[in-house]
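All chains are identified by letter, namely A, B, C and D, in their written order; residue positions are counted from 1 within each chain.
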Amino acid sequence: MAGRTHGMHAEPTTFGLKAALWLDALHRSGDRLERARATVAKGKISGEVGTYAHLDPAIEAHVCKALGLSPEHISSQILQRDRHAEFFAAIAITGGSLEQIATEIRGLARTEIREVEEPFLSGQTGSSAMPHKRNPIICERITGLARVLRGYAQMAMEDQALWGERDISHSSVERIAIPGATGLLHYMLRKMAFVLNGLRVSPDRMRSNLDLTGGLVFSHRILLELINRGLTRDEAYRVVQTASTAAVEGREAFRDALRRSGHLAEADLETLFDYTHYLKHVDAILERVGIPSAAGVRR
Amino acid sequence: MAGRTHGMHAEPTTFGLKAALWLDALHRSGDRLERARATVAKGKISGEVGTYAHLDPAIEAHVCKALGLSPEHISSQILQRDRHAEFFAAIAITGGSLEQIATEIRGLARTEIREVEEPFLSGQTGSSAMPHKRNPIICERITGLARVLRGYAQMAMEDQALWGERDISHSSVERIAIPGATGLLHYMLRKMAFVLNGLRVSPDRMRSNLDLTGGLVFSHRILLELINRGLTRDEAYRVVQTASTAAVEGREAFRDALRRSGHLAEADLETLFDYTHYLKHVDAILERVGIPSAAGVRR
Amino acid sequence: MAGRTHGMHAEPTTFGLKAALWLDALHRSGDRLERARATVAKGKISGEVGTYAHLDPAIEAHVCKALGLSPEHISSQILQRDRHAEFFAAIAITGGSLEQIATEIRGLARTEIREVEEPFLSGQTGSSAMPHKRNPIICERITGLARVLRGYAQMAMEDQALWGERDISHSSVERIAIPGATGLLHYMLRKMAFVLNGLRVSPDRMRSNLDLTGGLVFSHRILLELINRGLTRDEAYRVVQTASTAAVEGREAFRDALRRSGHLAEADLETLFDYTHYLKHVDAILERVGIPSAAGVRR
Amino acid sequence: MAGRTHGMHAEPTTFGLKAALWLDALHRSGDRLERARATVAKGKISGEVGTYAHLDPAIEAHVCKALGLSPEHISSQILQRDRHAEFFAAIAITGGSLEQIATEIRGLARTEIREVEEPFLSGQTGSSAMPHKRNPIICERITGLARVLRGYAQMAMEDQALWGERDISHSSVERIAIPGATGLLHYMLRKMAFVLNGLRVSPDRMRSNLDLTGGLVFSHRILLELINRGLTRDEAYRVVQTASTAAVEGREAFRDALRRSGHLAEADLETLFDYTHYLKHVDAILERVGIPSAAGVRR
């Protein structure tokens, strides 16, 4: 499929590579969330101001153990809120990675692109007014909820600078943000799993979109080849840009314009206009992310 | 000194314990920053869309090594921005911990409290209009800059959901936020180090503030003692509350009111009204944070 | 051109109507910014705590007049920061409207859609590696900077709750955020004016994209027509959905499938498949926004 | 009472003036909220993409009138979200002004200051562990909820840049933020009204705190008087700073040190050490805010 930068076709890639990038980001978020969970999974029974004035630290240790928490080694009346800020930041960042996937699916689902489609249950009604529409509404919802998670992270970061051995201003925030952020992230993950499990992917559309520019996606390779053949970078750039402008403006096919430039013969072009050249390292990359190439993810 | 919750005296604590809590939070922030630095210390030369179409991965490995970066094992045209969001979040959370220290110093420096004072260079001019004033302006500045760091974190979290194999919208954000956040954090840390190194701490004021309420800080201990002696919790609470209300309203000293309640003799009160009772675990806590008690931090 | 909801073709609209919507939002932002400017264009010389202890209010009035400010009728050492929060919010909201325009241009510029293109100076080099690319980088930059403006607004809102008659924590924020937000908004407006003035709009691409679905954009009108002819809403919905599904899946053209349904004759379809039906109110809407139809904006 | 800047005594003021400043900020917020309410009190029935393709604008006008909304003169499938961003910003800014009041009450309620106290219902139990404590927990709660309102504003500002004629990502945000922000603001206003109506204000504590520094609050006036008598600003500053340093360090009362400086006689000091000098304009200021001086708010 077309790899796209700035929304424009850049060079060929595969949908598997794109998905593997998402997977990798979610692995990082998983690690981040586990670390953040451990960061807040602390207990304390150290008294009004953290001195254990009326209760031995041993009791704290005993109770925490029973609760599956590790005892905080120093505290005020409460755990320090940098711990919770990290927790909410990890949730918001995970939301951002889900938003990235959702945004990409929304982009690829656009009418003119139609390379992927959100699962659409048979019997499901689409738009009430426009029966033909199958809208990526789950991905849009995830996009919106990522904003909500960022809002919670912001609130939690403001909770850090409490007064003295504690003021209770963090509490009203947390009563809203803890159930809000954890519940929403759970919901978003489940919804995203549903979308990804049932995603309709269209290799035909990917191929036809890739062909849409008549080979412009090969322009960088042509540029490098011309330099290899002795042209300066500027000369090569001009040759490619002239041919690509002709193609973009619909005057001549890119390949024809290149042939007419006199620098490349038809046999050269046959070799250069080849998608598989771009994909030779993809299996190796997938393996680095933990996806065995035998799984044929790329195909 | 008085430990304070909700801005009100709660129970005795020590300034060393308070400072150790700050230290512990900064240790966590140090770890968080190192982890975040490693998270962004990645390099990639994987081409326009991350396929290594025109360059062998070995070159990326070679260059990254020379730059002291570890090669990203999968990338698009860029590193994924959850990495940078984590970096900015770690900076903002560190700012929040500095803000907490700054807020506490500002509170303890108030005219009526005056337990600590920001360093004031001899020869330095205070307020231009009010020569008597020594204002905690560095701590106020740190308080404000913590807000700025939170703003940068918010921007960076919004950078995650880029389109396709890259859109360049993150770049304008990062040109502002990377020098902004790293430079300000550096500045804040240096300024806070200056404040803490030169902080004027007044044990006399701490003691006289602690005595201000005529022993109300002992009320929880009295409550527990009355329960130990057989009163129900409700009975004990009423005895203590009656005596403390009399004291708060200036009708009778807390200790006198308690004696008059008939539940505690003068000898009992002598034992109970004892600050050192509250501090018996402080050395052990400090040791858990890595401060040897021999250092006498608490004194 | 195709009006799009959820990224999918919905019903026909015009590019002029879209631009008029942007214009209208910017008019609101203009009003909001003027109001916000007046809100902060206040002066005060009321002394250390706002009592005019050493200076008559008449002097404040005199100086403010000379500065083109209106005197604040009550103040502490400073103006209250809700005024500044409103100022930064107005800037951030303007940024959001610019981001909306930028996002739309980026979407319409995508390779598969290509209905608009950012100005591209002749002689300008596109992507260094990919000569064929003309990327909407100014719009991407504006998108990123809108995030920055939101960050500043957040900082400014945190500045409101200063202590007593003033603490100076707002100052470090404002030294960064005032030049930052005003300078960036100015830059964004200039850049957006450049983009809009030079925007390359392709009516041909708009038309061919609109035709891409073989008339599915007319589905709502067909639905209403079938109801008018006596079908229940459910029946009509099923007829339209069946035909549109056939079209989406490439089995049969939408119009053919509808004809085959037996509910509509070719003459009916000729009448119903008509873009101009959708545009009959557009001139009137434009006039409501202050665009005279004689200007032919819509054409 | 003492006016305070940087948390330090500055010059005398009155509690009425402080409250009038709060009132004035809330008046601004009231105006801002009314304006914001009008900004979102718009209706639209303009069809799928805002063209009124299937319904006459007259119907929109009719329905909006019945609903008490004014019809939007141009729209896409929805109202543009800069309107809602303004609405949430107005709510967050109001929250910031409430936070300012709450923060001030918390500061003035501190054990060492005790000039005001949150209403404490007779029979109400204070801290469960510390019967003597009367904590400003409502003000702390309002402080926390102001953070929540800022978070909602941030989410709403991110909702502006929707795709095309509408994407539905704003909806999930608004389902949370609209009831959240409006409900919380309502709650905060009711709670703040309760606090202010029942606020226990202690003129005695205000007076004794003001006297705490032995007249240092008069230092600026002394400085100006010395300049009036022919000293240069530097000379005058040194005289006042020397005397105030002696006082701050407890070596000599400020007034005595000034007398000993030889620049001011006891009769001069009697005139200069006069709180009422500072309050001569207060009634006039209150009148400017709409508080008739006959109401004796200041007393």
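The working rule: a residue touches a chain if its C-beta (ideal position, glycine included) is under 8 Å from a C-beta of that chain, and two chains touch if they have at least 3 such contacts.
All figures in this text were calculated on a predicted structure; none of them were measured in a lab.
Comparing the CA-atom centres of all chains against that of chain A, the greatest distance is found for D. Ranking B-C and A-C by contacting C-beta pairs places A-C first.
Rotation relating chain B to chain D, from a C-alpha superposition: 180°, rounded in steps of 5. Chain centres here are Cα averages; for chain A and chain C they lie 25 Å apart. Computed centre separation for the pair chain C/chain D is 33 angstrom, with centres defined by C-alpha atoms.
Taking the mean of the C-alpha atoms as each chain's centre, chain B and chain C sit 42 Å apart. In chain D, the residues that reach two or more other chains under the touch definition are 4-7, 10-11, 48, 106-107, 129-130, 135, 137, 140, 143, 150, 154, 158, 163, 167-168, 220.
Interface residues of chain D, counted against chain B in their complex, comprise 2, 4-11, 106-107, 109-113, 125-127, 129-137, 140, 154, 158, 209, 212-213, 216, 219-220, 223, 237, 240-241, 244-245, 247-248, 254.
Per the touch definition, chain A reaches chain B in the complex via residues 3-7, 10-13, 17-18, 20-21, 24-25, 28-29, 32, 39, 47-54, 57, 73-77, 80-83, 85-86, 89, 92-93, 96-97, 99-100, 102-104, 107, 143, 146, 150, 153-154, 157-158, 160-168, 220-221, 224, 277-279, 281-282, 284-285, 288-289.
On the side of chain D, the complex with chain A involves touching residues 48, 106, 129-130, 135, 137, 140-141, 143-145, 147-148, 150-152, 154-155, 158-159, 163, 167-173, 176-177, 180.
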